[in-house]
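Inspection log for the structure reproduced underneath, given as structure tokens.
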Amino acid sequence: MHNTTSSPVWKRKIHEIIYEADTPAGKWFDVILLVLIVISLILVMLESIPGLGEKYAFEFITAEWIVTIFFSIEYILRIISINKPTKYIFSFYGIIDFLSTIPLYLTFFFGGFSALLAVRSLRLLRVFRILKITRYIGEADKLSRAIKASGPKIAVFLFAVMVVSIIFGTLMYLVEGPEHGFDSIPKSIYWCIVTLTTVGFGDIAPETPLGQFLATLIMIMGYGIIAVPTGIVSAEYAQDLKKNNETNRSKESNYRHVNTQVCQNCLAKKHQDAAQFCHKCGYPLHD
Amino acid sequence: MHNTTSSPVWKRKIHEIIYEADTPAGKWFDVILLVLIVISLILVMLESIPGLGEKYAFEFITAEWIVTIFFSIEYILRIISINKPTKYIFSFYGIIDFLSTIPLYLTFFFGGFSALLAVRSLRLLRVFRILKITRYIGEADKLSRAIKASGPKIAVFLFAVMVVSIIFGTLMYLVEGPEHGFDSIPKSIYWCIVTLTTVGFGDIAPETPLGQFLATLIMIMGYGIIAVPTGIVSAEYAQDLKKNNETNRSKESNYRHVNTQVCQNCLAKKHQDAAQFCHKCGYPLHD
Amino acid sequence: MHNTTSSPVWKRKIHEIIYEADTPAGKWFDVILLVLIVISLILVMLESIPGLGEKYAFEFITAEWIVTIFFSIEYILRIISINKPTKYIFSFYGIIDFLSTIPLYLTFFFGGFSALLAVRSLRLLRVFRILKITRYIGEADKLSRAIKASGPKIAVFLFAVMVVSIIFGTLMYLVEGPEHGFDSIPKSIYWCIVTLTTVGFGDIAPETPLGQFLATLIMIMGYGIIAVPTGIVSAEYAQDLKKNNETNRSKESNYRHVNTQVCQNCLAKKHQDAAQFCHKCGYPLHD
Amino acid sequence: MHNTTSSPVWKRKIHEIIYEADTPAGKWFDVILLVLIVISLILVMLESIPGLGEKYAFEFITAEWIVTIFFSIEYILRIISINKPTKYIFSFYGIIDFLSTIPLYLTFFFGGFSALLAVRSLRLLRVFRILKITRYIGEADKLSRAIKASGPKIAVFLFAVMVVSIIFGTLMYLVEGPEHGFDSIPKSIYWCIVTLTTVGFGDIAPETPLGQFLATLIMIMGYGIIAVPTGIVSAEYAQDLKKNNETNRSKESNYRHVNTQVCQNCLAKKHQDAAQFCHKCGYPLHD
């Protein structure tokens, strides 16, 4: 137990509302933020529709300023409510928050770049932070564990896909040639991946019998290949499920990291439910 | 055991024929209903074929009236044969029955809306009620259980798909732009989902090298992603299968809800095979 | 042990060569037959290529006559070498053999129907009879068992696919209408299945925003749905694999039906390796 | 322990650098080679882009000569640094190395064949030799084992796919005919595989109602069929995973072939970590 002087009450309150979700105020804050993010994303999308952007230019810019100002306030509050602001500023979400707030100011001072405004789509990623509070945490965890466990296998597999695409792409370029849409080797490789993944746009399609025969080979390979990652994830996931069942029966499984407690000092997460001090820096936690 | 006065014999008979399927009359009723639904669906489809609808207008309208009158009579009988008609009227199937019977009357009195007539396609859903009697109940049950069990996982997964689509959709809009068919961000997102799900219509296709490179990334991701829900359902289903095997060996599994008994009073289902009274309201059941 | 008079030696020899594959002559017969079938299939295909059919008309007709005469002789030998010819004539393969031999005679006597000649493609099915002798019997068996075991589940599933297609097909017809290629409800349903199965030809594609939104729903459903049959077959197959492993360890598994012995009297198969008499009609078997 | 006279030190050194990867020099050699291969592949691709090849003809030819000369030197060193050069020359990688080095010399002496230059894409295969040193060996091994184990099943399955394609291809040819793009039976079969594998280019699409109905059948079959190989690989892989877990617990699993030691005499691999002599020819190994 460290002997640190705790931060003032107002700072603690803000920290609790913004970073955690176990008080009514904290929950409301998250819901409002979620609604604002969704609204702002819909605005970005609607603005891109031809005709609409120009017609309602004033409405769009007004709504955008309201959202941006709210996000700016939130960003500042996030910085001042923790003890080591740099911890937040240079964290993944800190950068996302900054990038999704700044574009409007930049276009205001330096003129409008549409590309810059599209950066606002990154706001979507902020949704993930909020969704941490839901009951889906456990599931998302399991899923990402299954994917991680099969990572190297999938890498090997994707590498094989690349090799097949490059070799067959070159072959198709030689067989079909620019007169049937296979303009260059990179474009042939693009077509090969389109075919191997069973997407099949049809913007380029083989026209010579030999090209169609090669295409047939690629498709059947793609058909067989699709089985591999599925089989891997499936088996991996089944094992995870089994292990989980076994662990659940044992005693150690009673403890799960599903509270939203965040240390005010170092932003560490996954504290035990009854924890009174941060398990990483020893700073006192408040419920 | 409640002490209720049982309903008159004719009411009981109609209830047995319409709602249940363990008497010859009940089975015949179901078969005729099934045939009528299928015929009426085929009529709706044929009517929509250009040229055919106008040419045989009289035949179509006549056949439609015959089907509609039969369905109207069935609807009325369903209402009068149970003790609490509102239980049926506001149930899922009650509403479906009403919606799939009323359009013709409305177009007769208020003039024809083709959109209204298409509502008749909802009759298809009535098929499900009849198919309850088949041996597929058990299988459908198992399937829906497996899907339900993997519900949250699939939700997490679909959410991830949405996020990928929105981010890559915005990117493709910036890279390809309206001149290659990526008119707006929503349309780009639509294209992104078309690609990620490996459908690949080809109505929109990237034409710049960078756009094609991004498309390649999306496709390979879609290829890897398709493995996840498959793996989940597969593992979940395997576990269900295993559990079922274990249960089947134990004694409690001797009882299965596969009879078609329906309480005349409250429409409750899944009565035990030897049940004499409704397990929900105590009303007497008759075989 | 029945006391039947065995058939003459020449009949026995022919039976052994044509129906079985455990003598050198029998194996050679099968190989020649296989080659002839493949050649004749290639001929049918080449003949259909525009220009080629007319140019080499004489060569094609000559080759076709040679193949047909060989098949005719084989057909007659099959009939005379067994005791009850009707057993063969009305069996599945008997009908296939007849249908794939007769077209040329019919076109010779009654003039050429190209549709009739395409019936010769059925010869392909004869390949299956010959492939019985390979080591793939066991695997094909396992596969078909896994598919059969998941039959009802897949039926339930396909029914669900049909329902989704009909409902969304009707919706798309109302939303997009004939001006965007959705000419009639059946065509809309066709498009819906094309999309749901992730094939996506792109010959018809939604153009209105609402239609594209509905298409997105269909695709994501198709994406999730594809997981179901895969999961089922996978789990079913895994169980089969496990059961097999357990059985293999026990004693009863020492016996497998992989010889090609066929009873000359009743065409029964799957005799035990050391069997001397048919297990179905008691007729003597000869090695 | 054989009593062989060891080769001179310079030869040993070169062998160690080129064939192995456990010394710093050996690792650097592999990295440089990998970079050169990747660069040369990118050159081949860029050269094929219309306009680019002609514009920077001089730069491309210069870069190509540099790469080719490096590869030539490497090829010669590989030959002289082992005791039995023919072992390398006629090995798989020996032939690949030769084929991917020679084209430039041939075009230099005998004039340019573009097809010949595309052979340089084979350099890609050389990447595999280098990647042997990575931690992915184990995973690739497991994967290829799972695929091998399900080989016969997948063969049976692919054969079934072929049969379905030929029969439905012939049917579609008869139903749709050359006027809707189904020019010949081989092209119809090509279309059938495009559809069955859910690729769906859309360059050919059925237009008659009957053709569209048949296409629907093919697609639903493809949808169901895709489940089979996935299920097989999945189950097979799950078993492999299980077996591995069991083996890992036992003692024999402590030994793994992941070092890059290669015998200088006979190019044998997979030596034990502490091995002093080749397990195949007895020639001394040096660390």
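Chains: A, B, C and D, in written order; residue numbering restarts at 1 for each.
The working rule: a residue touches a chain if its C-beta (ideal position, glycine included) is under 8 Å from a C-beta of that chain, and two chains touch if they have at least 3 such contacts.
Chain-to-protein mapping (UniProt): A, B, C, D = Ion transporter.
Only a predicted model underlies this, so the values are computations on that prediction, with no experimental measurement involved.
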Most widely separated chain from chain C, with each centre as the mean of CA atoms: A
Homomeric contact chain B-chain C: same or different residue positions, threshold half: different
Chain A and chain C, separation of their C-alpha mean positions in angstrom: 47
Chain centre separation (chain A, chain D; CA means) in Å: 33
Touching two or more other chains - residue numbers and ranges from chain C: 186, 198-202, 226, 230-232, 234-236, 238
In the complex, chain D residues that touch chain A: 41, 44-45, 48-50, 115, 118, 121, 124-125, 127-128, 131, 135-136, 139-140, 142-143, 146-147, 154, 158, 161, 186-187, 190, 193-194, 197-203, 226, 229-230, 232-238, 241
Touching residues on chain C, where the partner in the complex is chain A: 198-202, 230-231, 234
Residues of chain A that touch chain D when the two form their complex: 152-153, 155-157, 159, 163, 166-167, 170, 173-174, 178, 183-186, 189, 195, 198-202, 205, 209, 212-213, 215-216, 219-220, 222-224, 226-228, 230-232, 234-236, 238-239
